[in-house]
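Each structure below is given as structure tokens.
Below, chain A partners chain B and then partners chain C, in two separate complexes.
Right, the complex of A and B next:
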């Protein structure tokens, strides 16, 4: 399981590196006129792009295709905020309590057992 | 004016609107009580990290004794210091997450001078060596002195957890448990001696230096079981003042 998670993380970052290479050399000039001609700051964005590359691609697509609705983007999401507050208010304590409850119990009562006498090395 | 425009609105740098004052006070008190309750609950449900600690207050300790490199470096003290009496057996480690295997191997069986800082937890002692020959070096005058002969104590089934000896002895608090697992495995990968913490004492000791069943350092099998409560069988032997548990990985069982 741990190897799977690490493998997933590696591939995520490899893809992110590819997206960063393309976005920071081609994409950023196409969607942000303020970035044109400015290069020194671009390497600083590489780690961030590697982490959130799906969002970068999504935003690039929206801006490239002019399907961005800035009104919708900046509209406060107060309705869902209340629901999310409630959901997280339940999920976080439940997760915490589950983590505290479903854990190994120390074998405090286990008495070490001698399986063979001193001086013997029987298997 | 719409109802929405008339509803009170909180702005941090303006006085609190009258309609929100009681709500704000109630929430503030509730959060204070809640945080205090959660802090108390978390604090009281944690396992005791134990009394282990780096004993910098003891000052630098220098001892002379016979070095045994396997399974992990330890010194049977012949000439003690203020805090480490003669006859004591002390495990060695390097600095940080480094063991002392490569430094100890050329000195196996020889009289050495070891110098450093003690980590102490109950009857488990570890000496974090100084760098270079100031920390560990051969010493003249061995004469006929040799390491104590191992005393076989039979085969045992024990339950508890595998820890790295350094954090357990006091480099970390806690130096045991699942939260410490990644740190323990890093220390063990660095060559620090693994120690089995038994649920109850075996022949008077709850800490057993671990070894492979052939007496050498542990293989890689144990990494998946570090910091997990397990039961395990193996032969136990006494080497000086220390018990060595020669673990048999085929008998390992993860406890519920």
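Right, the complex of A and C next:
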């Protein structure tokens, strides 16, 4: 299972690298005028494209087809901050206290017993 | 601000901010490495690799706690706003400190694994059905992944490309990441009952972050200003409520927030969401004839919502009317950059 997960992660990053190569050489100039003629900053974007390439492709499509309402850019998430902060403020102490309740104290009078003879000391 | 992208937009404030941040992190690491063995009461001696891992791990946790505390602190008290200014650099440094912690762990505990180190990390303990001995490493892996997604998408390009609401939504992942780190530490290193100092520090930081967010949530509800009218014109405040050079922020029924500014005795309304990171423009003030965002200093003219040349950012504007000293806003925003004639306050009869 662990090997499968890591294999999936590797393929995810390989595909992301391919998307980054195309997006940062062709796509970025088509959808962002501020990127035209600016090249030094582009390598900084490679890790981000590799990690979230499906989102990059979706945004590229939206901007290429001009199918996004301008209003959405000005509707901040701040309206949901209060709810998010409330949930977060409760989850953190609950997580901490629950984990602390699992702690175990070893018996005070317990002395470890040697089950085998001591090995030879290396010279 | 925009024009052409460059790798990092440095200025004196950012140099100072980053210098203080790096010096504090380095001082913490040095102090931990020198003082930790006696203070943390390690019952068993630890190797330098483990000590390094603990130093970087606790450093990343405390840095992230500070980062998360800045948001609600700035919401509760404007004097903390300067700390918000360069928080993205803070986050990037935290990601690298956390990565150093993970590297020490992998290179020590999994150094002689017959399988690759990452595979060994994920496969060594799969007791997900029990809390005692839960594979706490998975929480750390998740948090590290999130920290790197956020660090990798911290350049201004990503804000414009993804749009501020989507970028902000993506960066909300920091909250589950912090919860995961608390679980990672509490189910991992804090299960050692002998280490009360670390438990105290982690508990204090986590409870402080939690309390600040609860206080900020309460503040948001208490001082929110919801408007609930079907009329396209929403009466929002008295014209005399708006101080010269400043704004009053109102929230419309569709959750849009509008900042109504008073400049040279005239009223103008623009979106409260900065085009950069959706910062609260209405909490800024007018500097050199332009509204200045309190978060990062982006500027807009109040009459048309455009940044002064050569910058290209724009925000929507709103039509205003004033009757009997009462200001009304038309709920339908104008496209970004639309000029709206300011409404003179002197004509208002109160």
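Note that the second predicted complex is superposed on the first by the 86 of 123 C-alpha atoms of A that agree within 3 Å, B and C clash if a C-alpha of one lies under 4 Å from a C-alpha of the other, contacts with A are read in each partner's own complex, and residues count from 1 in each chain.
Criterion: a residue touches a chain if its C-beta (ideal position, glycine included) is under 8 Å from a C-beta of that chain, and two chains touch if they have at least 3 such contacts.
These figures come from a predicted structure and were not determined experimentally.
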{"item": "First (chain B), second (chain C), both or neither touched by A:105", "value": "both"}
{"item": "Contact breadth on chain A, by residue count: chain C or chain B", "value": "C"}
{"item": "First (chain B), second (chain C), both or neither touched by A:31", "value": "second"}
{"item": "Which of chain B and chain C A:21 touches, first, second, both or neither", "value": "neither"}
{"item": "Touching partner for A:84 - first (chain B), second (chain C), both, neither", "value": "second"}
{"item": "Contacts of A:95 with chain B and chain C, given as first, second, both or neither", "value": "second"}
{"item": "First (chain B), second (chain C), both or neither touched by A:47", "value": "second"}
{"item": "Chain B/chain C common contact set on chain A", "value": "100, 103-106"}
{"item": "Residue ranges of chain A touching chain C (in the complex, touch as defined)", "value": "1-3, 5-6, 31-35, 37-38, 40-41, 44-45, 47-48, 50-52, 55-56, 59, 63, 68, 70-79, 81-86, 88-93, 95-96, 98-100, 102-106"}
{"item": "Contact footprint of chain A on chain B as seen in their complex", "value": "45, 47, 151-160, 178, 198-202, 228-229, 231, 233, 235, 248, 255-256"}
{"item": "Residue ranges of chain C in contact with chain A within the complex", "value": "2-7, 72, 115-116, 118-123, 126, 131-132, 148-149, 152-153, 155, 157-158, 160-166, 168-170, 172, 175, 178-179, 182-183, 186-187, 190-191, 193, 199, 202-203, 206-207, 209-211, 213-214, 216-217, 220-221, 224, 255-257, 271, 273, 275, 278, 280, 312, 315-316, 333, 335-336"}
{"item": "Chain A residues touching chain B - in the complex, by the definition given at the top", "value": "100, 103-123"}
